[in-house]
Amino acid sequence: MSKPKVAFFDFACCEGCQLCAIDLEPEQLLDLVSVVDIVEFREAMSETGDQLDIAFVEGSITRDSDIDRLKKIRERAKLVVALGACSMIAGINALKNFQTKAEYTQAVYPEDPNKYETTTAKAIGEIIQVDAFIPGCPIDTGEFLRVTKNLVLGKTPDIPTYPVCVECKRNENVCVYEKGIQCLGPVIRAGCNARCPSNGGYCFGCRGLIPEPNINSQQDIMQKYGLTYEKMLEKFKLFLQRNQEIFGDDQ
Amino acid sequence: MTKPEILITTKKSILKGLDQAHSTYRIIALTRNQERVIYDYINSSDEIELEYQPTVLSVKKFFFPQDEIILDYTVEGKVTPRIEAENLVLFGVRPCDLNGIKILDEAFAESHGDPNYLSRREKSIVIGIDCQKVCDKDAFCYKVDSNEAKGGFDIMLYDLEDRYVIQVASAKGQKFLERYFETTPGLPSDLEKALAKKKEGFKGLEPFKNLEKFPEIFEKNKDHPVWEEEGSRCLSCGSCIMVCPTCYCFDVADELALNLKKGQRMRRWDACMLSAFAEVAGGENFRPTAKERLHHRIDRKFNFLMAKHGQAVCVGCGRCVRACLADISPKVIAEKITGK
Amino acid sequence: MMQLDLQPKDEKLYLPDPVRIVEIKDFTDKERFFKLEILSGKSLGHQPGQFVQVSVLGIGEAPISISSPPTKDHFFDLCVRAVGNVTNKLHTLKVGDIFHIRGPFGHGFDADIQQRMQGKHLLFIAGGIGYVPLRSLINNVLPEHHRYKKISILYGCRTPKDRMYQDELAEITKMGGNVELFETVDRTDETWKGNVGVITTLVPKVELDPVNTITAICGPPIMYKFVLISLMERNIPKDNIYMSLERRMKCGVGKCGHCQMGGVYVCQSGPVFKYADVEHNEEVF
C-alpha cells in the first residue's frame, strides 16, 4: 500500500500551527514519514504534488482571491483538515470583523488604506467542506499526530466534544473563577489538557465552542462573577466572532 | 465475637510509622501543593496536613486513575492485559471518601471483578481519620448519613488531641498496625470521648428525614419541576462527575504508536453529564438534554444505585457543589423533592 | 436491599480473544456477514440474543449482536453494519484476517424464555438490522418448528436492497406449514412485488391467539413505540413481549455506564428485556 500523500497550505495566519506540526523529536519525524508522504510543505519543502490524500490547511480566508486557491485545494484532496483556530473558526483574524473595513484598513495602513486586498475573515469551513479539524491557537503537536494517525487508519479523529472543565478537574486545578478570574472553559472544546488554566491563565476559547454550549448559563455565570455584559462579550470576541449564537449574523 | 480491643497511639508514632513504611509502600496523604491541598504522594510525614481541607478530587484517583492503560498489543495480534498496582498507604482519608471507596469496591466487583481496580485495592492500606465537624459550608455528609465511614478502611483513627484511638477493620490493617505503629491499650471511655466530640461537632446537623425511602421517592418524582429548573442551568461540563468520589463511568479508546506497529487500549474517566455519553454509532443519542442527564446522574446517587448499595451513593462530600459554576447541588435537589 | 453479586478480580476481563474470518458475504452496501472461527477452538457458548464486544486493535471495541444460533463447534456469525470506526474497519478485512472479541455478554433469550416459548405461537418482528439479533433465535427454533404452535416472522426494511439473508428468507417462505414470513419495505423499487409500508402494517395480517403468542422485537429505536401500540391493539400481554435493545457500550461488563437505561445496565440485564419489566423505565424509548 502506498503511503498517503499529505500537504500543508496556509492562508492568513502566523504559520505557527505548521511549526507545531513538525515540532517533533527526530524519531517521531521518522515515524511520521514512515506512514505518510509529505509532498508539499511551505515551512519545510518546496516540492509540489498533484492529487492529495490529506490537505492540512492553516489560516483564515481574508481575501476574495484566496477563495479560488482554497477551492482548488479541495478539488485536489480527498480529505481537507482545518489546522488550527484561524482555519477552523477564523481565529483572531476575525477580530477585525467587529470593525468596518474603513476602520481596520485605516488603523493598519493609515498611509494607504487601500494598499492591500482584504475583507471579512472567514473560517475555511464557510467556503469549502472540511472533513476534520485540529483546534487550537496554536495546535497541540500530540493532537496533530493523533489526528494524522486516525486519518491514515480511516478512523474519525477523536477530538473531544466535552469542555475544558473536564481536563481542568482531572488535573485537580483550583477553578480560576475561585481566584476571581472569568474563564470560557465551561463552553470551550477540551483537548488542550486545560493548558491555560493549568498554568496560571484562563481559557480564551481558542479551540472553539463545544457542539452544544449552554451560552445562556455561561453568560449568567460570568455576570454573577462580576463581569458586565459588555466586558463579558469582550472575552468571547477574541476567538468566537464567527459564532452566530453569540454575535449574530455576519457583521 | 469479642469486642474489638481499643488501642491508643500518639500522632507522633503514627507519623513515625508512616516514615518507616515508606521503604515498602508509597505513602499518600493530604498535602499542600502550590495553592491547593490535595491527596498526593509524599516523601516524608512532614508534608502531611493533618487538618482536613476539602480537595478538588477524592482519593478515587489512586485506585481508578484519570487515564490508565488496560491492554498492550502489537499489530501482529499479541495482546497483554496491563494491570499496574503498587503497595500504597492512603493516610488520612475521611468518612465521605471512605464511603466512596466502599461503594466503588462493590461497583468494580459486582458481577465481574475489574482486575485493575481490585488489584490496586488489594495492595493498599487505607487509614481513615474520623471527622469531628463538617469541613465547610458545601459539605453535607451528615444529610446523607455519610459522616461516619461504613467501610472502605483498614484502620480508622479517632482524634483525641495529641493521640488517636485506633479501630482495625481488616487483617491487612492489623498486620500493618503491628508492624509500624506503637500502640498502648486504651479504655472504652477514650473512644467515647472522641465520639462525643464528634457528636458535639455535628450537633443539630441531621440526615434527611426520609433518607431510606429516597429510591422510592425519586422513582415517584420523575416529572418533578426540579429537573427542568436545575437542568436548564447545567453547562454539561462534567465537572461534578470528575470530582465525585463515587462516579466510575469510563470511556475506552485505542491508541497506536506513531509507526502504527503497536498500541495500547486505554480507559479514562467519562461522565454521563457530557452530551455524547449515551450516543450510539448510528448517531442516536439516548439522553440528549442536560435535564435528562442531570436527572440520570442524581438518580444514580439517590435512586437506582442507592437501592443496590443500600446507602446513598452521594456521600455528601460537597465537591460537586464547589465545582459547579451553575450552583447545582444534589442536596438542593433532594431537598426540593423530599423536603429538608 | 438487593444482594450484590461480588466477584473476585478477573485478570482477563478486558483481554480479547482472536477470531479468524472464514467467510464474508455482502448483504447490502452497509451490511456484511462474517462467519468466524474462534482460534482457541472453544465454542462461544452463547444464548440467542447475546452480543460480543468486537475488538479491532488500534481502532477500538464495539458491541455486535451474535446472529447465529448456539452451536457446539467453535464457529459463529456476525452481521455488521458499517456505521462507526470499528465497524468501518471490519468491512475492510478479508477472509483469513484475524480480529478479536470479548464475550458473549448480556442476557439473551435464556433457557427460561425458550422454555416459555414451547408450544406457543412465536411472533418475530424485525426492523432493518434488527433481524440480526433475532436471527440467532429464529434459526434456533426453525429446525424444530413442530414444537411451536406457529412461527410468524415479520420483517421490514427501508428498501428492497436493504433486505438481509435473502437466501434464508426464501428458504423460510418455502417451509410453509406452521411457518410464515411477512415482509414489507418503506420505499419500493421495480424489483419489489411485496408489501409497501411501515412494519406495523404487517401486524394485522397475522392470525393470533394473544395469550398464546410470544413476541420478540428488534429494530431501530423509533420502531418499538409503534410496534408496541399495534401489539397492544392485538391484546398481546406485556408479559409475552420481548425486546432486544441497542445502547452504547464500552465495557460490556456493567461498569462503564454508557449503556445504562434508567436503573439497568443493558449489557447485564439486557439487551433482551421483557416489556412488562421495563414499561415504566422512561429511558427505554
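When the chains are written out, they are named A, B and C in that same order, and each has its own residue count from 1.
One rule holds for everything that comes next: a residue touches a chain if its C-beta (ideal position, glycine included) is under 8 Å from a C-beta of that chain, and two chains touch if they have at least 3 such contacts.
Quick caveat: nothing in here was measured; it's all calculated off a predicted structure.
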Field: Length of the shortest touching-chain route, chain A through to chain B
entry: 1
- request: Identify the chain pair joined by the greatest number of C-beta pairs in contact.
  value: B-C
Task: Would you mind checking which chain's mean C-alpha position lies nearest the centre of all protein C-alpha atoms?
output: B
Query: What is the distance, in whole Å, between the centres of chain A and chain B, each centre taken as the mean of its C-alpha atoms?
result: 38
Field: Geometric centre distance via CA averages, chain C-chain A, whole Å
entry: 43
Query: How far is the middle of chain B from the middle of chain C, if each middle is the mean of its Cα atoms, in Å?
result: 38
Residues within chain C bordering two or more other chains: 58-59, 84
Field: Interface hub residues of chain A, defined as touching at least two other chains
entry: 153
- prompt: What positions in chain B touch 2 or more of the other chains?
  reply: 253, 256, 260
- prompt: Tell me, which parts of chain B touch chain A in their complex?
  reply: 35-36, 38, 55-57, 66, 232-239, 242-243, 253, 255-260, 269, 271, 274-276, 290, 323, 325-326
Query: Mind pulling up the chain A residues that touch chain C in the complex?
result: 153-156
Task: Within their complex, state which residues of chain A touch chain B.
output: 28, 31-32, 34-35, 145-146, 149, 152-153, 158, 161-163, 165-166, 168-170, 172-175, 177, 185-187, 210-214, 217-218, 220-221
Statement: Per the touch rule, the chain C residues reaching chain B in their complex are 1-2, 4-16, 18, 56-62, 81, 83-84, 87, 98, 100, 220-221, 246-248, 250-251, 253-258, 260-264, 268, 282-283
- line: Within their complex, chain B touches chain C through residues 70-71, 73, 75, 77, 79-81, 83, 106-115, 118-119, 122, 222, 248-254, 256, 260, 263, 265, 267, 270, 272, 277-282, 284, 286-287, 292, 296, 299-300, 303-305, 307-310
